[in-house]
Amino acid sequence: MIIIMNQSATKEQIDNVEKKLSQLGFKTHPIFGEIKTVIGAIGDKRLLNTQTILSMPGVENLVPIMKPYKLASRELKQVSTIVEVGDVKIGGDELVVMAGPCAIENEKMLMDTAVKVREAGAKILRGGAFKPRTSPYAFQGLETEGLKLLAAARDATGLKIVTEVMDTRDVELVASYADIIQIGARNMQNFRLLQEVGTSGKAVLLKRGIAATIEEWLMAAEYIMAAGNPNIVLCERGIRTYETATRNTIDMSAIPVVKEVSHLPIIVDPSHAAGNWKYVGALSKGAIATGADGLIIEVHPDPSVALSDGPQSLRPSKFAQLMSDLKLIASAVGRTL
Amino acid sequence: MIIIMNQSATKEQIDNVEKKLSQLGFKTHPIFGEIKTVIGAIGDKRLLNTQTILSMPGVENLVPIMKPYKLASRELKQVSTIVEVGDVKIGGDELVVMAGPCAIENEKMLMDTAVKVREAGAKILRGGAFKPRTSPYAFQGLETEGLKLLAAARDATGLKIVTEVMDTRDVELVASYADIIQIGARNMQNFRLLQEVGTSGKAVLLKRGIAATIEEWLMAAEYIMAAGNPNIVLCERGIRTYETATRNTIDMSAIPVVKEVSHLPIIVDPSHAAGNWKYVGALSKGAIATGADGLIIEVHPDPSVALSDGPQSLRPSKFAQLMSDLKLIASAVGRTL
Amino acid sequence: MIIIMNQSATKEQIDNVEKKLSQLGFKTHPIFGEIKTVIGAIGDKRLLNTQTILSMPGVENLVPIMKPYKLASRELKQVSTIVEVGDVKIGGDELVVMAGPCAIENEKMLMDTAVKVREAGAKILRGGAFKPRTSPYAFQGLETEGLKLLAAARDATGLKIVTEVMDTRDVELVASYADIIQIGARNMQNFRLLQEVGTSGKAVLLKRGIAATIEEWLMAAEYIMAAGNPNIVLCERGIRTYETATRNTIDMSAIPVVKEVSHLPIIVDPSHAAGNWKYVGALSKGAIATGADGLIIEVHPDPSVALSDGPQSLRPSKFAQLMSDLKLIASAVGRTL
Amino acid sequence: MIIIMNQSATKEQIDNVEKKLSQLGFKTHPIFGEIKTVIGAIGDKRLLNTQTILSMPGVENLVPIMKPYKLASRELKQVSTIVEVGDVKIGGDELVVMAGPCAIENEKMLMDTAVKVREAGAKILRGGAFKPRTSPYAFQGLETEGLKLLAAARDATGLKIVTEVMDTRDVELVASYADIIQIGARNMQNFRLLQEVGTSGKAVLLKRGIAATIEEWLMAAEYIMAAGNPNIVLCERGIRTYETATRNTIDMSAIPVVKEVSHLPIIVDPSHAAGNWKYVGALSKGAIATGADGLIIEVHPDPSVALSDGPQSLRPSKFAQLMSDLKLIASAVGRTL
């Protein structure tokens, strides 16, 4: 950690900062420039409230040297994590595709979709039972009934299932049905929910918040890991920018950045990122070529009657064609699908 | 609602959209341009899943004419809402200042701060008992103990108290102590929490999400109002942009925009927006002159020992000076403090 | 074009808007909803100053139906444009890679780089003679001397050359050397420069502005085309967002969006987008798989002595390896390299 | 300057960085932490291409300690600069308001506006002769004819005049008419234009780029100052964010930040920031209370016939009312108008 003193900091202010750091267990190394002084401090920043230092008179800035996350970092664990969900492995050479409707609407549509995405090569069925909706007047999901339909689809097809939880009070219920619990973008910093899924024993699909930095996203993973759950799959789903041609701006560079600083697997959700099924194919191919470990794609048997997010859903036939195209890309980057 | 058909839409596709709208209870008015067709549709969009239409073949875009929120809109209620918390009125001619520490640390610091901010003219004491922290290793708040200290400070000073709730399971507890329940920026779209505070019977301070549009923010208010609670105070606290000179970018234009489209009162949090006490004074004055109904300001007796957000906290003496400056601004815009 | 009147607009205000539109040559179609009135207007919006309408009493908003650009739009020209630079075709089945140093530093380094990137399969040599630098104290480029070195490298290797122009006064000079004139991100809305290269007779590489929407970018292309030059290659090079893990956020979705709305070819600059050579490989692969028509990549024989942008430059050996990897991706998406 | 070596940096890599810094005239101070090494380097960073260091093997990051700008910084010049334009002083206790139409359309409208804004208390007349327009088909300004009309309005009213220049070839012409030359937001990093106005001998109104950081903005000022011109007035005019309720998001916190790090005066343009005349009054008051040295406001005798930016223009009567309101705010913050 480096503390930068401002130009007009007095000798006494510099001494006070050194003294405080020393009390907090840091070794200090001041460097006196012609105009400003900086103080190097060696010790465990995680034990420190850095704002204590930042608030001291004469301090201009504080530059951390180490990442704020530890369990999620590749500095700590250099081997890439493979999250196992039954016999499905996420993060290995084989890519994993999750597919299904945005919201579960009824038994028939879910079962039809499940059968078709399995045929096309998906390993995991997605489907929302609890839906975070911007409007209180929109369809909020089938809730427990939806979870039961998901479980039935799993029984019928052998697919694993992933579904979102929005409320700490529902974690136990959702965990009793799902193979993977999803934390949605809006709840990425719902810290109590993170802690709760951290004790659920189920793998977690952690979506990136709509305006979260990669560092904040990994800190959210750290919350779950610190609560005892190491089985986390990160999901890039687009970030909010000024551009309105797509619903969000997919941040493809997050893939190599995450691979460098963390050992956790990362998949991409092109459906929510683009908000338009026309772009899902191109972005899916791009994500795999960039190094993603998989995809989560919305598929609906008839998008024009979908109760949620129809415009971004692929029909099963288009999804099957895309899966076939993706096999070629996977092979070009040394992976399988 | 206007439906824009794309350039290559067929007659049949246009007919199908009209037919579907008609089934859904809308009256349609097609306009045939030389290149594109648009369809005007009259009816209650809130009853419609617009994505049903957006997913139909030939549809390029859908433009809503009415706002998606209703209870929160000035279209519905033209008189400005005044939220009453005991004898404190928020949204009237008199400005309301809330002040206090970021986190409650112990009885003495809270009581000292409470006494001093009351002397300076604050009406409401802020203080966090449950703290949303980016790091799982940071101080998470005194929880119930903190609520008790707040209540004791209220008893001693007569100030009202505002404090944050982060978990649906804690709403009843927090409501049993607080005069105003705060929904933090990270939970602005924690829809279950919004619904829960909507039934709590207490006034709600609804912070804007870090990357929320004004429309999404008002939709969050709509969630609370739809659950039965009309006593909402909006709080602008800075949005995330590319600029790093301040922690967030305070969106001052949100003040006149909110005043135009909604009847709800709006206050500003310059401390979290700037992340630096040096800018709090200038931004507080600016917010009042721009038309805010009040402020929420962090005050700490000794920021350099604060357990949370010290760098953005004012010392009580600086806060008192600021309050005195603000009286002049209030008067210049025809209000009192 | 749709004009939305506000809720309190009077009959007279609605009539006035219709009358004005009619004077301006539009046919109007009012639709009277229960709460608001909208007016459809058929005619050529490009002839209209829409702000005239927006400023009229009672008008709430104006929604354009047609795109503001015409020459650059696929609505006008449905066949994809192939820009020919001698025997190099950009926008066809064969991908085109441009490579070379950020700035031209001296004859030897440029010639060495040129030979190596040609061997690896690049078709076009990039190199800056005029450099836009954030600091007035930084190296500003070799200017005319740099142009001569580029021309010599072209003579020696047969590569085409692309280089940036920053000043209207230099367009003639740069055009006399370059095969493709580059408009940098900072000058994307330097409209006089756009007009000047529009009359230069040379192909133009038009970089996206650092915070330009896709629509503004295509309007910049429209400026060049309206001045008589249809040979434009668009270049996505990352946009400014709140994320700081990479220098800019590469907007991969711009590729399918541009392909949908425009007929112009689009390439990607992963070096400037990421600002870090470590991410250039992954993003290059991603861009090709997403559908880009080519890449422009910084290559420097020794990045640690580069006078500009060393950290984002690849060594020639890494570039050669990447080109070999890219051939596989190209083939997987039905293209050649 | 602090160089952070990465975790796996070898002793040899650390030595090489120290050696290189030493060759470049820096004194080095390595600090060996348990996990990472950092190297403090004392010397003049402006003489250094920091990328040379960033590209060296083993280097993770480089943290500058000093600001990259010098002439524009308050570190160098502690007394606030007052820019004198004839007898008008910008940056002193008296606030300065510039007002007038977006574009000059004809003699009558300009003269009428000039007379009215002078009566209301404006000191400087604004008006565009060269207009940067997003569309090549929009009105581009009266050019030289417009400059002549401005000069005539100055003669008639005694107001100073400010107008924009877009092309290096026009700087001499514009400087021969204008009292203050405006650099528009789109040209903030048109470095050649900055250099050219740096030698013009006229004061410069430097608008912030639409996505420029405060640091980049001050670097643009540095370009002008390094070319010999110290008379710069900064102008905050809104930045691009995801929020669409206003055209841009006015960054009010830029006012106290600029006041802290620079000695240059700063004014605010609420008209372009908001893009809507309804918000101009509130934001003008807010800007003055926040500490701005003045305002630049669009005023048009009949916004509904304006050739440019009508929706954001105030009528003269509203402008006069606003000026009267602003006097009260000015007085509340210890200034005059």
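When the chains are written out, they are named A, B, C and D in that same order, and each has its own residue count from 1.
Heads up, the rule we're going with is that contacts are C-beta pairs under 8 Å (C-beta built on N, C-alpha and C of every residue); 3 or more make two chains touch, one makes a residue touch a chain.
Fair warning: this is a prediction, and the values are worked out from it, not measured in the lab.
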| query | Looking at B-C and B-D, which one has the bigger number of contacting C-beta pairs? | reply | B-D
| Option in B-D, A-D or A-B whose residue-number contact pairs overlap A-C by over half | B-D
| said: Rounded to a whole Å, what is the gap between the Cα centroids of subunit C and subunit D? | reply: 26
| note | Rounded to the nearest Å, the gap separating the Cα centres of subunit B and subunit C is 39
| message | Based only on mean CA positions, could you tell me how far subunit B sits from subunit D in angstrom? | response | 31
| In subunit C, residues with contacts to at least two other chains | 211, 240-242, 244
| said: Taking the touch rule as given, give the residues of subunit A at its contact with subunit D in the complex, in rising order. | reply: 2, 4, 7, 29, 31, 33-36, 38, 40, 42, 63, 65-66, 75, 211, 240-242, 244
| field | Residues of subunit C defined as touching subunit A within the complex | value | 211, 213-215, 239, 241-246, 249-257, 260, 273-274, 278-279, 282-283, 285-291, 325, 328-329, 331-333
| field | Of subunit B, residues touching subunit A in the complex | value | 46-47, 49, 51-52, 54-57, 68, 132-139, 166-169, 186-187, 189-192, 195, 210-211, 216, 219, 222-223, 226-227, 240, 303-311, 313
